[in-house]
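In the part that follows, the structures are each spelled out as structure tokens.
Shared between the two complexes below is chain A, which pairs with chain B and chain C, respectively.
On to the complex of A and B.
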């Protein structure tokens, strides 16, 4: 058991190193120069330009040779320092990301978990009732094939523009300030609902179809037929089928939790929701090396942690893995 | 039982989600604690009352257009400072009104050149900083001194030799070889900061200070900000009362630009009061009465800057003035104005000088040397200059090699992309083979600054007190290095023109006759050599709603700039806020 996790851990550390290195390299190979872009937006006196360039290069550590920038990157990273954002006047990247992260988590965690849970339920139920199957399957296919952006725009148009019952953009109303009051919480939830719904619906379709197909497959498996021939009650067979069918769904869940930070990009842009996705777009547009790097590091770390958790979850959920492990070590 | 457990889990998720939501709200205020410690918050502390939860609609204006990203610094010396830092919070010595072409004393009560190298400023009496400290001549002298710090990005100490407060209300500025035009520009563009607070910050790290909740003299104080907004609250002790000025809105909420359709929708519903963004199709909405603009009919908007076609003046065949002139005659500007913009912009004068500099235009010379849209004339010019058409119908270089030009605009700037398509079609029509080169803003800046381009659109000179800013952009010598290049992108080199630009800079502001004489010569060079090709005047985009506030700037009412962009408050736009009137509740 210990060597199993030790091996896994070593692989994860290695993967993180490779991914973080690539992450460090990519922005530096993009055409253009962030300081050039920064200065091009302002009309400073030409006599002062050289001094400003030197100042910004030193501020962002871009005046050093590349190998030293790379070593500094790791040195700072290990201290939790992701550098300074170029386009946000040198604000620490960690602060910028931390300010946006709660919004993204608040959208995606409920959307993913709820859609996973209800999608699996709906799929499992659909698989055993023909009428339901005939309705849920097409709905599921349509939902899961719907681009996030299109659904988001449709929801915004119907519920915000036409009916006017939900706000069209933002995380909370423009006329209030955040506070720990009920009215603020309601306002927040009111702005949260449409972006959440658009994510939930698309994801729901995917999970439901996946589960429905898995159940049908499992019900056709030898062990189900054998159980049936023994005269076991249908409920029992279905319970076993569900437990087997849910395994690939758990992998899927872990992966979608992993890419969570970048996952709501389009939705956040449509609803001007101030999360990581919107930040990512701004970082690309403004060629903000450090912000871009920081966001991708979160994505990388997220995927790795989620995968690790799934490894553990498998041991817990699937008894076969457990026996396999003990068999291996014995 | 199992069901009950799941329900419990669901409730737990819901509560976590809510907690995460609530937590999400707080970080927006957090940077306050991250900002380098300043004395300001300490002295401000007693003034902060219990947080206001919401801003009453009738006392608030909602604006949008200036911020393309979250407000990130409130340092008035940083060109990227949040909307309103200079103008609403920090003020300048003068206002310059480009519509009336006049300077108005602001933090200065008066100022004059007591001799050709001495400028004496009388500062306004009765002004206090928002922390209660009186504003004096020391603050002005100190602020002028700050420009010695390299990163402040000013060059006034190239011609200023000394700035001293001789008493509480007088500052004497001594000059070596005075650049009168640049100095005039400084007097209405540079914010005066309080010496008692900024003394401690006056070093090479001055830009690192985010200065959130700083101390200014202006009519507004920092209230709060979030990733998508900047909120200002009225400073009720503002000195404006002494000259019968009072800003009407108690709160200004500036919203970071999002999607155009959102801004337009909110404006039409009366949720936003002022949008300083380019919104396509606005003319129709004005005609139907949904929103208002400065003019009731075309061009609807005031002109803010000139959009040029910048040519690579070092690369054949664009290094030939005759070829550039042919392009000028070939571009179908009427189509850009009518079809691309729906008449919300105006065609540029051939000199490119903005309407605010109209008095400098040498009209006789312009009618002789100017250009207009005439494709036949363009073809004649090309033929006369020796560019013959090849078998494919396109003109070739004089040595017979093929010509294929590219033109760049930043991708996603939809109006410019449409204008680019018109330009490509126009040039092809007269036999100049041209195609669009698609690139994002950063790629464009990189290619442009490294002279790796043929044609590119640019509009980086805003209205100002002097055509010097315009010609400094056009003729700047020596050519700047690619990093940080912000003038003369075409690489046009003409020593005579540059000498004239410097002479103009050294011409006293009140010597209009001499300025006219010099600009006439500069106009002649620009019309005969055509270093850049002026096409149209980009608008000072401004659309307002009359639902909650009225008496907005217009050519029939209050003639001030309706604009929240950086640099525009001190060009008189601050008066927009004193002129506004609330619409009585029905």
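On to the complex of A and C.
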């Protein structure tokens, strides 16, 4: 089991190294001059341009030999220094991202956990039950084919613009000061609900379909048939099938983390929810490359950590990995 | 690798395992027989066909530049402008039809490139095994855990002009890993079969064994993989466009949604601007998924509903 986690960790560390190296390489080896394109879009007084160019040259360390630039990059990265945001008047990128991170996590974590759990339950219940199956399956397929931002747009349009039940943007009302009061908490939850619901629904469809298919597959397996031939109650057989079917769903969760995070980012953009996604849009629109690359590294680090958590969950759920009978994959 | 680990996990509904398929006439006829009786396949293909025809007819039914300002500003659907116009007086229907073209191109090319890379890596890793397999496995795993969209965002953000084909290529280059893994597992299980051994004994070259003996026996699986990659490429492109990193000229369904949100169509209640592109993507991707499941049931009799 220790070697299982060891191998996983090695892969993740290696992946992060690859990602960080890509992050370092892109501004240096892409066609065009990043500093020029950086300054062409930011609005600064002409006399300040020369200063800024010098500042960025020094910051990128573009006059140093490449290997030294690379080492400096890692030195700064390990100190948590991701450069400064041009668009947010020079605030450190790490601070900016850390301020936005709680909002993104508040959307993502509950949406992932709840949709995974309820989706699996719904899929398992629907499998091999004709009436339920015939309703859940089409809904599931439509939901999972829906682009995240479009469901968000539709929810915002119906429930905020047309019905006016929920607010359309932001994480809390502008006329309320953030504080630890009940009214603020309610306001926060009110703003949180639609983006959360939108994420939840798209994911729910995928999990429900996945589980439904896995259960059908497992109910066809020899052990299920053997149990049935022994006269075991259907509930018991289904319970065994569920335990087996949950494993690929956990692997599936790990595999789709990247897509889910991307979904959260675009959902935030629709609702102007002040998380990483909104920051990302601002970074793109203002060509704020430090911010952009900082977000890139944060997203990747986050997905890697989440992957590791899923690995731990896998070991908890699948006893075989604990006794060393099989190693996990991925 | 053990049987306990379902390697070939496919996001929506994957083929459930290696299937012995012989390329005989009877088999082909059986597939056609079930294909024309599978409601899923028929519905899926019908939806795809409608949108594909619309896309093909784009130059005829909506000639000219879809981004041109032709009509009244922000008008709801009418007899003249079927889907209404944008805040700037662009014809939403024209944008939609041309956006469909972009969607199919990105899906086909992006999915195609991803399928090609996935097949190559999967075949080589599964057939060769050993060192090569280990190296390819590490590469696959690394690309697998790095979020596709994050990479695409940093890469495309530095490009001043971005084309549709480039977008498709980038998506293809980053979304192949799960396909590679699934195909590797399939190749692995097929390569120990007698007919492969027989081909090897008769001195056939490796690539011939792969393409003549192994690939045809999982052709249905490869086709289904391509369909799923097609769908996911469309969704990835839509997200990329929506962040503002789509093609810098022309129009796409994702770009339409980006414009609609950027110009407050939501707050203004201009539903005709953002509903068509979303329906287009959802219908196409949904139809691809449903076709995939229908075909899967045809190829794998075990999955057919009794």
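We adopt the following convention: the second predicted complex is superposed on the first by the 266 of 330 C-alpha atoms of A that agree within 3 Å, B and C clash if a C-alpha of one lies under 4 Å from a C-alpha of the other, contacts with A are read in each partner's own complex, and residues count from 1 in each chain.
Assume a contact is a pair of C-beta atoms (placed from the backbone, for glycine too) under 8 Å apart; a residue touches a chain by one contact, two chains touch by 3 or more.
Please read all numbers here as calculations on a predicted model, not as lab measurements.
Colleague: By the touch definition at the top of the document, which applies to A:287: first (chain B), second (chain C), both, or neither?
Modeller: both
Colleague: Using the touch definition from the top, say if A:99 reaches chain B (first), chain C (second), both or neither.
Modeller: The first partner, chain B, only.
Colleague: With the two complexes superposed on chain A, say which partner A:18 touches: chain B (first), chain C (second), both, or neither.
Modeller: Touch partner of A:18: chain C, not chain B.
Colleague: If you stack the two complexes on chain A, which partner ends up touching A:161: first (chain B), second (chain C), both, or neither?
Modeller: It touches chain B and chain C both.
Colleague: For A:177, is the partner it touches chain B (first), chain C (second), both, or none of the two (neither)?
Modeller: first
Colleague: Quick check for you: in the superposed arrangement, does A:266 touch first (chain B), second (chain C), both or neither?
Modeller: Only chain C; A:266 stays clear of chain B.
Colleague: Look at A:49 in the shared chain and tell me whether it touches chain B only, chain C only, both, or neither; answer first, second, both or neither.
Modeller: After superposition on chain A, A:49 lies in contact with chain B alone.
Colleague: Under the stated touch criterion, which partner chain does A:117 make contact with: chain B (first), chain C (second), both, or neither?
Modeller: A:117: touches chain B, not chain C.
Colleague: Return the residues of chain A at which the contacts from chain B and from chain C coincide.
Modeller: 30-32, 34, 37, 161, 168, 269-270, 285, 287
Colleague: Could you please specify the touching residues of chain A with respect to chain B in the complex?
Modeller: Touch list, chain A to chain B: 30-53, 55, 59, 85, 87-92, 95, 98-100, 102-103, 105-106, 109-110, 113-114, 117, 161, 168-181, 183-185, 188-189, 192, 269-270, 272, 274, 282, 285-287.
Colleague: Which part of chain B faces chain A closely enough to touch in the complex?
Modeller: That would be residues 6, 10, 13-14, 16-18, 20-31, 34, 51-55, 57, 60, 62, 69-70, 72-73, 75, 78-80, 150-155, 158, 204, 207-208, 210, 224, 226-229, 231, 253, 255, 258-259, 262, 265-266, 271, 440-443, 445-446, 449, 460, 462, 476, 480-487 of chain B.
Colleague: Taking the complex as given, what residues does chain C use to touch chain A?
Modeller: 1-2, 4-7, 9, 11-14, 16, 138, 141-142, 144-151, 153-155, 157-160, 178, 231-232, 235-236, 238-239, 242-245, 254, 257, 260-261, 266-267, 269, 271, 274-275, 277-278, 281-283, 285-286, 288-290, 293, 302-303
Colleague: Quick one: which bits of chain A touch chain C in the complex? Just the residue numbers, please.
Modeller: So the residues of chain A in touch with chain C come to 11-12, 14-15, 18-19, 22-23, 26-27, 30-32, 34, 37, 141-142, 144-150, 153-154, 156-157, 160-162, 168, 206, 209-210, 213, 216-217, 220, 247-248, 251-252, 254-259, 261-263, 265-266, 269-270, 280-281, 283-285, 287, 289, 292-293, 295-296, 299-300, 303-304, 307, 320, 325-326, 328-330.
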